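Read through the structures below before going on.
What follows is subunit A paired twice: with subunit B in the first complex and subunit C in the second.
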Partner chain A sequence: MRFSCQRAVLAEGLQLLSHVTAGTTTKPILQAVKIEVSENKAVLEATDLEVGVRYLLEPVEVQEKGTVVLQEGRLAELLREWPEERVCMELKGTMCHISGRGGAFKMAGYDPKEFPTIPIGVEKGAIEIEAGELVEMIRKVAFACASERVRHTMTGVLFQVEAGTLRMVATDGRRLASIREKKGTSGRGPMEGIVPRKGIEQLARIAERQEGKIQLKLEETHLLAASDRATLCAQLIEGQYPNYKEAIPVNNDKRVEVDAEILAGAIRRAAILTTEERRLVRLGLRKGRISVEVETPEVGEAKVDIDANYEGENLEIGFNPDFLLDALRAIGKGTAHLEFKEATSSAAIKSGQDFIYVVMPIRLTEAS
Partner chain B sequence: MSFRRVISQTHAVSYFQGVISRGRLGHAYVLYGPEGVGKALFARELTKALFCQTKGEASTSGGPPANDACDVCNPCRKVDSGMHPDLHWVAPLEGKRSIGIEQIKELEDRAYLKPLEANRRVFVLEDADKMTEEASNCLLKTLEEPPPGTLFLLTTTSTHSLRRTILSRCQMVRFQSLPTEVVRGLIDGGRPEGPSTADSAHPPEVRLRRMSGANLADLSLQLSCGSLGRATKLREERVTSHIDRFLEILYELKSVDSFSITQELMEWCPDTTGLEGRRSLLRTWLDLLLAYYRDMLLYKVRGGGPGLFYGGFVPSFETRTRDLSVDTLLQILEDIANATEGLYSNANLNLLLDNLFLRLASYGKLTGNRRRGFC
Partner chain C sequence: MRKIIHVDMDAFFASVEELDNPTIRGKAVIVCGGLTGRGVVSSAAYEARKFGVKSAMPVFRARKLCPHGIFLEGRMERYMEVSLQLMRILKDFTPLVEPVSVDEAFLDVTEVASASDGLLPKDFAGAEEVGRQIKERIKGEMGLTASVGVATNKFLAKVASGRRKPDGFMVITEEEKERVLKDLPVSEILGVGRVMEKALQEMGIHTIGQLWPVSLAELVERFGKFGRSLYYLSKGVDDTPVVTEWEPKSVGRSSTFERDIKDLRVIRRQLYDLTEDVVRQLKEMDLRAKTITIKVRYSNFQTITRSITIGTPADLLSTIWHHADILLRERVELKERAVRLVGVSLSNLVQTPAVEQLHLFEEGAGLEEASTESSKH
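Up next, the complex of A and B:
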């Protein structure tokens, strides 16, 4: 094997793959990256047996085809320190020679035959989605996944293709975020699968680097994704996802329209006076305004009034400020539609037609 | 490889072949028995038998029997290389002595993924007794409600170092010591080794102190107590190159100073092998020492006879054991056992050995023996 390419090209590929390789493992080859050089291209590949990624290096100059498996961390570090624009790699025996003005290096490789093979490559039946929108969708729901390992299905994000539209749902049992793709894809589906956090993160990284569309396919046991240069295979979580549709309130009649950034600012300021033990803000709905109030014994009190478009009855309702801020951050700029029913039932925060966030309130009587 | 590679564990093999063919495989098993008798090997072979593509297609022409692995299909090869995505193998990480909670958490995450290529996921915890307390508790949670289609195989040498709560959620399968002849066969490739003729030319006194290949082979086989792993360890060059000197120390106790024994032992176990390597080597020597005093005790109680590891030392045992009562010998055995335990409790190794050999020396003195060496 012998090829050369821009240092930045290889470094970029390794950077993407560095999140795939296993952290701690008894099998060092899972911390390695495979470089497969064929007649006119070179492909990087890494896997920890849970997530696998292939990445096409472009452009490269191939002198001789072949395959080498090298420790990812060392190679990436070497490239970071490499002083020259180009880097040349050549396999001689089991040693990979890396040479140029940066010096002459020989790195011991693993036997490519030992490198695990995982199904990679999207064929038929995939849906296509704009990479930018996919990143945005992931950003808007993935934070709501459960980080505790109480119910494993909730540690991942539900991918659902229904009537040709992709929907993502994440919940930790106290709040839920759901987003639907703006424009339906061609009538594929239905498909469903729960993608674990590591797979989601990797999918977002691939999508961030892609300009056009991403192909997605949910198989029985894994998710496949493909961009122009990268392909991903992520295993799915076993089990039945909670019925999220039941959790979305349908007849919340007290509706408020408010600027998301202004509300977020008010909650952030008020939340300064909460404590870890008493993480509670009270939203007070009056005609034409919302008040954000905090009362923490021995710490202080806060009251922030902001204008809002509200015509309904008065309502006092308590929330964990972090859960509200997460939703408002996901909405970013724009109007947030808040929908309430009563102080003890779940509230919905919506933005546009596609994003729905559901959050359980904190009972004010119990908390105070 | 296949179950046929698992030697002398017919009970375990037939038990698992039985439950597989009846479709009654449980979700968790503890494979227990002495070290180095094939528990981990068995776990791997069982995984292969479950994942193998051609299993069950019992062929009449010498192929694998039903419920055994073929060794040649893709899944079998992946399991052998440890690269099957549905097999997750947990053992203490290199240079570590315990299985940490992080490893169990990772296992837990994997346990809830769908099997990628096989129809189930297999989790092997090698030396499961080395789990830290937090790790055990964490595993317990998964064992209590195992995700569907998972199989946990825990291997251990001592069931009592596993938490009861874990044991109660697993089925137990015992692994036996291998017959000495089997270990010999495996080590020497079935080559019988008679006593070398050159050796018998020496007078018995000299012969004792020198270990010919054959004597050493026998000693290592006997000391291994039917464990292939231990027998192999005893034949490592780091042990064999010092065994003559070790026996000399045992034999010429009079002239050996307690501190210099420590020094010498520490030199035999260089720290180039890392702390764990050093511990494991020292453990081997302490085992050899333990076996020596065990022989003395046996001799004291019932005179010579079969079953002694150091048969060649018998002529010297008469004078040796004269000053040592049975109680003292029992105490010595306990001291050595304590020292062995101390190896793994972060004790300073030099002090630990000094302490041991000074104690051993003091027993000799207490019984009126004024030799400088131990007993």
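Up next, the complex of A and C:
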């Protein structure tokens, strides 16, 4: 095997794959990257057996076909320190030679036969989605996943394709974010799967590097995704996802329209006077305004009033400010539609037709 | 030097019954866990004790010893109520109150006693005064008598309160302690049960004073860690603090059937009633439980426990009963086996949070399960 390419090209590929290789493992080969050089191209591969990524290196100049498996971390570090624009790699026996002005290096490789096989690409039955929109969708829901293993399925993001439209849902049992692709792609589906956090993050990285569309397919046990240069295979989480449709309130008749950024600012300021043990803000709905109030014994009190389009009955409802801020951050600029029913039932925060966020309140007692 | 007070109500349950019902005052009142069959005595008035009636004695034996006794079924709720009143009074003297049970508590009055009259630290006058006031207030406000012991540590205070029951009052000073302890039976030492007592008797040790010549090394060799306690307690040395932050590790109740039961409906009914009781207790303490354990003792005394740990701590009867019921019906072999006793306990207790985040989905299946099996004869 012998090829050369721009240092930056290889470094970029390794950067992407560095998030795939296993952090700690009993199998060192899972911390390695495979470089497979064929007649006119070179492909990088890495996997931790849960997520696998193939990445096409281009442009490259191939002198000789062959495969080498090298420890990813060391190779990436060497490339960062490499003083030349180009880098040339050559396999001699089991050692990979990298030489030039930066010095002469021989790195011991692993046996390529021991490298796990990663399913290749997406074939039939995939949906296509604009990479930019995919990144946006992930950004708007993935934060709502459970970080602890409350229920294992809640640590991932539910992907659901119905009538060719992709929906993503994430929840940690206290709040839930759901987003639907703006326009349906092609009428394919239904298919469904729960993608673990690592798979989601990797999918976002691949989509960020893609200009056009991403192909997605949910197999029974895997999510497959493909961009022009990368393919991803991510194991799905087995199990029953909570019935999220039932968690979305439909009879919330107390509706408020408010500027998302202004509300976020008010909550952020008020929340300064909360504590770790008492992370609580009260929203007070009155005609034409919302108040954000905090009362923390031994810390202080805050009351922020903001204008809002509201005509309904008065309501006082408590929330963890972080859960509200997460939703408002996802909405960004624009109008947030808040829908409430009562102090102990879920509230919905919507933006446009596609994004729905549901959050459970904190029970207000005399003590709070 | 510390000043510790031990307050112990006299024949507590029986006295509460007499208080509530003047017609039985001064009579041989005997409060029982259950009146028929296999109930046991939970508290006997001093009038009944004259005839040899004691706590934990089977009711039928008590009836033989004291046929004219007034046998009553216990009213735990009422006793808890009176107990709260007692603890409130004690907390008026110092916040350093350690409740030992419903009718018993330790108080650390070191600071209160010396602050009140600026006496020399070795002087007990201040603590003695506090002890007498406690007795008076209990009598005046509750209409009940308590025995009070004052000493330099918990062990000696408890010995003191027990020496002159009922309505007793005793101070044990550092100078007097050896004289008081010398001839007391070793069973007065907390932790010395029947087995330990027998082991000590085999060494020729019957009284606390007889323990004195035995070396620490020998006691540790024979009794392990407890040997150390024996060595120091026998000499009246006890540095365990009065612990106010008393957090229960579990709450539980069990009950023995009148006769062995095979009918699942009856067993379930009983378990439900017990669950209701412990959940009430749990809520009163502002606690929630993560682990629910049920216990079943078969007629042959084989005892099994089954437990489940749930994701979110619960204090709702419906949730807790749901799990207890599943444990009973699905994890206990009941077919054709007669049951003598059922019980339920809640453990893994956590404080009810100051702010309660509500949840989107019904909290579902348990995360861990455990069961144990044992035989007791």
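Keep in mind that, in the parts below, the second predicted complex is superposed on the first by the 366 of 368 C-alpha atoms of A that agree within 3 Å, B and C clash if a C-alpha of one lies under 4 Å from a C-alpha of the other, contacts with A are read in each partner's own complex, and residues count from 1 in each chain.
Note that contacts are C-beta pairs under 8 Å (C-beta built on N, C-alpha and C of every residue); 3 or more make two chains touch, one makes a residue touch a chain.
It should be emphasised that the depicted structure is a prediction, and the values quoted were computed from it without experimental measurement.
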| item | value |
| --- | --- |
| Fit-or-clash call for subunit B and subunit C when the two complexes are aligned on subunit A | fit |
| Subunit A-centred angle between subunit C and subunit B, computed on Cα centres after superposition, in steps of 10 ° | 60 |
| Subunit B versus subunit C as contact partner of A:R268, first or second or both or neither | neither |
| Touching partner for A:K41 - first (subunit B), second (subunit C), both, neither | neither |
| Subunit B versus subunit C as contact partner of A:E220, first or second or both or neither | first |
| Subunit B versus subunit C as contact partner of A:T171, first or second or both or neither | second |
| Which of subunit B and subunit C A:M360 touches, first, second, both or neither | second |
| Which superposed partner A:L236 touches (first subunit B, second subunit C, both, neither) | first |
| Least C-alpha distance (whole Å) that remains between subunit C and subunit B when both complexes are overlaid | 5 |
| Interface residues, subunit A side, partner subunit B - complex | 24, 26-27, 29, 49-50, 114-116, 118-119, 149, 152-153, 155, 196, 220-222, 235-239 |
| Residues of subunit B that touch subunit A when the two form their complex | 78, 81-83, 85, 89-91, 93-94, 102-103, 105-106, 108-110, 112-116, 147-149 |
| Subunit A-touching residues of subunit C, taken from the complex the two chains share | 311, 354-361, 364 |
| Residue numbers on subunit A that touch subunit C, as the complex places them | 150-151, 171, 173-176, 242-243, 247, 277-280, 318, 320, 344, 346, 358, 360-363, 365, 367-368 |
